[in-house]
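Once you scroll down, you'll see the structures, which are given as C-alpha cells.
Both of the next two complexes hold chain A, though its partner changes from chain B to chain C.
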Partner chain A sequence: MDDDQIRSLVDSRNGTVKPAIYSDAQLYELELERVFGRTWLFLAHESQIPKPGDFFNTFMGEDPVLVVRQKDGSVQVMMNQCRHRGMKLCHADSGNTKAFTCPYHGWAYQVDGALQSVPLEKEAYRGKLDKSKWGLIKAPRVESYKGLIFANWDESAPDLVTYLGDMAWYLDGFLDRREGGTEVVGGVHKWMIDCNWKFAAEQFCSDQYHAPYTHASAIQVLAPTPQNKPDGSPLGDGQTERPAWANGLGGVQFAGKGHGSAFFFTENADANVWVGGEVSAYFRETYPEAEARLGKVRALRLAGHNTMFPTLSWLNGTQTLRVWHPRGPGRIEVWVFCIADKAAPPEVKEALKKSHARAFGPAGFLEQDDSENWIEVQKVLRGHKARQTDFCMQMGLGFEERREDGIPGITNGTFAETAARGFYQRWVDLMTGKSWNEIEAAGAAWEQEVIDA
Partner chain B sequence: MTKFHVCAAADLPSGEAKRIESEPAVSVFHVGGEYFALADLCTHGDASMADGYIEDDCTVECPLHAARFCLRTGKALSQPAYIDLATYPVSIEDGEIYVTVESAA
Partner chain C sequence: MLDELTRPLRVSADLQHEVEQFLYLEAALLDERRLREWLDLLADDIEYTLDTNSLAQFRDRRRGWAPPTTYIFHEDKYQLERRVARVETGQAWAEEPASRTRHFVTNVRVLAQADDELVVGCNYLVHRASKAHDHHSFIGTRRDTLRRIAAPDGGETFTIARRRLELDEFTLMSANVSIIL
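== the complex of A and B ==
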C-alpha cells in the first residue's frame, strides 16, 4: 500500500475513516515498523524494578523486551531474543536475576546485555567467537516520566517530554497528586481481546460518548448504596450520587500530537460511583494536598479517560493504567496496572485494588462492556461490504478552540471526536512521514487548521 | 600454601558468599553457621559460583546454566557439570574468616 492509498483511509478534516485501518494485514505490518518502531512506548513502572537485577518482561509492539535495573541504578531495555538462534531468553513475567541464560543452547548474558558465557566456547567455536559483538540488542532511547518507564527504537525521535506535549499536563494530574509519586499495587492483569488496537486506544483517547449508554447497567448496579456491604465503607460512600456527566457542569476534551483526554467539571473531589468508600474518603481527605500541587481543575478531576499515542491509556479515579499490545490486526493483549499514590495508607491501597478490579479488571463490570463492543465491531469487519463502509467521526467538528483558563491544547466539549480525529491524523502522519521533523510539522499544521476552521 | 583473610564472620550472613581473588579464585559460602570454601569458577562454564543461588540443602546452583554442587564436598550434582569443584579448608579465628589456598603455580 503506497502513501497516497494510506492517506485516503483517513479524512480528519471531514471526519471519516475507512475500516481497512482496523482489519488490513498489510497495514498492520507497516504499523509495526512505522508506528511501534518509532513512538515512545510505555514499558513498566519504576516501582516494579527497584533493585539491581530486577527485570520486567514486556513488549514494544510485537517485539519482546526486558526492562532491567542496572547495578548503577539506571534502566536498560533490551530485546528478549538470543543472538544465536533468536530464542526468547527469559520466560518469567518479572523477577530478579544475575544473568539471562537462553533455554536453547545456553548462551548467557549479563544484566547489561553483554554476552558473558557461551557453552563449549573453546571446543565448538575454537576460541574464534568475538563475544563482544553478540550482546543483546538494546533500545537506544529509554526515558522515565514521573515513575513511568518508556523506550523508543528511533534514535531521531523527539525526547519524551516533547513527544508528550500538552499531554504532560493531563498525565501530571494522574501521577503527581501527592508527595512521593505513585506505585503499582498488586500484579499485572493480562488478557486477550479479539479487536484491533486502535479501537481500544481511540476509545480511551476520545470517547466519552459511549459511557452513558454502554455502561448504563454497570452504573446502575454500582450506584452508591448504604446497604450492600456490611463490612467497611459501602461502595460509593459519601459520593455525589450521579455520574459526572449527569451533573451538567460541562467538561473538556483535549487533543494534541495524537494523544487525547476528556473529563467533566465537578465541585466535589469524587472518583466515579464505582470505587469503594475507603477510596472515595481518601480522595476527599487528600484533596487539599492535590489542589496545592495541581490546582483546582486537575485536583478535582477524578474521572475521565486518556490515551497517550499509541497504546498507553489510563482512567483517573479508578486508577487503571493499561497497554494495548498489538497481536495482529484483529487481536490485542491487554496489560492492566493499578496505580496508587505511594503515600496512601495500606488499607486504602487494598480497597483501591478491589475497586479497580471490580470496575476494570479482566472480569470488571465496565471492562466487560467495552470489550464486547470492540469484539463485535471487529467481527462485522470480516465482511467484504463492511470493510468498504466509511465510519462517521464528525462529532463536534468545527467547534475546536484554545481555552484561556489554563487548560492546554486543542479542546472541545467532552462529547466530541476531536481527539479521535487527532489520533488518526497522527497515525497517518506516522504511516507516511519520512522523518520526525515531517511528522511533527504535519501534526502542528493540522492543529492550526483545526483552530482556524 | 597461602592463607587469605576473607572478612569478619559478622559480615557474611547465612545464604551469602564472598569471592577471594586468589589463584585460582575461591569463594567462601555461609550456610546456617557452617562455612565452606570452593573453587569459584564453575567447572562447566565461565561463571562465578559466588553469584550462584545458595540453597538450604547446602548446595549452590550456578547462576548461568543451573549446574548444582555440594558445598560440603564440591561434588557436581547435576548436568551440565561433570567435574567436581575443588574444596579448601576454612577457619574462624577471633571472629574472622580465613581460607587456605594451595596455589596452582
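== the complex of A and C ==
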C-alpha cells in the first residue's frame, strides 16, 4: 500500500476513517514497523524490577523483550531472542537471574545482554566465534517517566518528555499525587480480545460518549440506592448519586501529539469511584497533599480516561493502567496493572487491588461490556462492504479551543472526538513514513488548524 | 492441609453421594440461569475468589518467590448478588442475549471434615456459548467449603461458605468472564 492510499484512509479535517485500518493485514505489518517500531512503548513499572538481575518479560508490539535491572541500577531492554537460531530465551513472567540461557543450544547471555558462553565453543567453533558481536539486540532508547519504563527502537525519535508533550500534565495527575510516586499493586491481568488495537486505544483516548450506554448495567446496579444496598449507602462514602456525566458540570477532552484524555468536573475528591469505602476514604484524606502538588483539577483525579499514543491507557480512580499489545490485525493481548501511591497504607493497597479487579479486571463490572463492543465491530469488518464504508468521527468538529484556565493543549467538550481525530492524524503521519521532524510539524499544523477553524 | 492428603479420605458412600448431588444441583441452577436460587445456596459470609496465574522460574520458586498474582474474583455475597442484578438489567452486553453455559464437575473428593464443615475438591470445566458463533471453555480446579445447615423442609443440607477457584490458563483466552464459574 503506497502513501497516497494510506492517506486516503483517514480524513482528520472532516472526521472520517475507512474501517480497513482495523482489518487490513498489509497495514498491520506496516504498523509493526512504522508505529510500533518508532514510538515510545510502555514496558513495566520501576517497582516491578527493584533489584539487580530482576527482569520483567513483555513485548514491544509483537517483539518479545526483557526489561532488566542492571548492577548499576540502570534498566536495559533487550530482545528475548537468542542470536543463534532465534529461540525465545526466557518464558517466566518475571524473576531474578544472573544470566539468560537459551533452552535450544545453551548460549548464555549476561543480564546486560552480552554473550557470555557458548557450549563446546572450542570444539564447535574452533575458537573462531567473536562473541562480542553476538550479544542480544537492545532497544537503543530507554527512558523512565515517574516510575513508568518506556523504550523506543527509533534512535531519531524525540525524547520521552517531548514525545508526551501536554500529555505529561495528565500523566502527572495519575502518577504524582503523593510524595514517593506510585507502584504496581499485585500481579498483571492478561487476556485476549479479538479486536484491532486501535479500537481499545481510541476508546480510552477519546470516547467518553460510550460510557452512559455501554456501561448502563453497571451504573444501574452500582448506584447508591436502597435497592442496590440494603441501607441505601454508597459503595464508597463519597460516591456520587449519579455518574459524573449526569451532574451537568461539564468536562474537557484533550488532544495532543496523538494522545488523548477526557474527564468531568466534579466536586468530590473521591467521586465516581464505584468501590469500597477504604479506597474512597483514602482519596478524600490525601486530597490536600494531591491538591498542593497538582492543583484542584488534577487532584480531583478526574481525567476519566487516557491514552498515550499508541497503546498505553489508564483510568484515574479505579487506577487501571493497561497496554494493548497487538496480535495481528484482529487481536490484542491486554495487560492490566493496578497502580497505587507508594505512600498508601497496606490495607488501602489491598482494597484497591480488590476494587480494581471488580471494576476493570477481566471479570469487572465495567470491563465486560467494553470488549464485547470491539469484538462485534471486528466481526462485522470481515465483510467487504463493511470495510469500505466510512466511519463517522465528527463529534464536536469545529468546537476545539485553547483554554485559559491552565488545562493545556487542544481541548473540546468531553463528549467529542477531537482526541480520536488527533490519534488518527498521528497514525497516518507515522504510517506514511514521515521523519520525526515532519511528524511533529504535521501534528502542530493540525492542532493550529483545528483552533483556527 | 490439602497437600498432605496422599490417599483418599475415608468417607461413606452416602456422604460422597450427598456432596456430589449438591454440586450437581448447584451446576444445574447456574446452567438453567436460576441465578437467584443459586444465590440462596451461598452462605452470607461466602468468600468467592479466583487469582491470576504467573509463570515463574524453578530457581525463583525454590527460593519461595513467584511473580505476584492478582484477583480475577474476590467477591462477597453482596458483590455476587450485584453481578446477578447486572445481568437482570438486560443491558449487561456481554450477557445480552444471554450465553448458555454448561458446568461440569468431576474428581469430587472430600478433603477434610471438621464439625459442621467439609472441604471438597473438584475439577471443573465450564463451557460458554455466546452470540452466534462463540465458544469458550474455562478449565480449572476448585476448593469449596460446604457447611451443614438445617434445610427449610427439615433435615439437613449444605451452604457454600467458601469457594476458591483456580483456572489453568496463564493468559485468559476469553475476552471477558461474564459468567459465574
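In this section, the second predicted complex is superposed on the first by the 437 of 453 C-alpha atoms of A that agree within 3 Å, B and C clash if a C-alpha of one lies under 4 Å from a C-alpha of the other, contacts with A are read in each partner's own complex, and residues count from 1 in each chain.
Keep this in mind: a contact is a pair of C-beta atoms (placed from the backbone, for glycine too) under 8 Å apart; a residue touches a chain by one contact, two chains touch by 3 or more.
Just so you know, these numbers come straight off a predicted model, no measurement behind them.
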* Asked: With both structures lined up on chain A, is it a clash or a fit for chain B and chain C?
  -> fit
* **Per-residue contact with chain A, leading partner among chain C and chain B** => C
* Asked: What is the contact status of A:Ser371 with respect to chain B (first) and chain C (second): first, second, both, or neither?
  -> second
* Thinking of the overlay built on chain A, is A:His91 touched by chain B (first), by chain C (second), by both, or by neither? -> second
* With the two complexes superposed on chain A, say which partner A:Glu291 touches: chain B (first), chain C (second), both, or neither. => neither
* Once the shared chain is lined up, is A:Asp154 touching chain B (first), chain C (second), both, or neither of them? -> neither
* Does chain B (first) or chain C (second) touch A:Gly106, or do both, or does neither? -> first
* **Contacts of A:Asp172 with chain B and chain C, given as first, second, both or neither** => neither
* To do: Look at A:Glu62 in the shared chain and tell me whether it touches chain B only, chain C only, both, or neither; answer first, second, both or neither.
  => neither
* Who does A:Gln116 touch here: chain B (first), chain C (second), both, or neither? -> first
* **CA minimum distance (chain B, chain C), superposed complexes, angstrom** => 7
* Asked: Intersection of chain A residues contacting chain B with those contacting chain C?
  -> 97
* Where on chain B is chain A touching in the complex? -> 44-47, 51, 63-66, 80
* In their shared complex, at which residues does chain A touch chain C? -> 91-97, 185-194, 214, 216-218, 220-222, 228-229, 333, 338, 353-354, 356-358, 361-363, 365, 367-369, 371-373, 375-376
* Structure fact -> In the complex, chain C touches chain A at residues 50, 52, 54-57, 59-60, 65, 67-75, 78-79, 82-83, 85-87, 89-95, 131, 170-178
* Which of the residues in chain A come into contact with chain B in the complex? -> 97-99, 101, 106, 108, 116-117, 119, 121
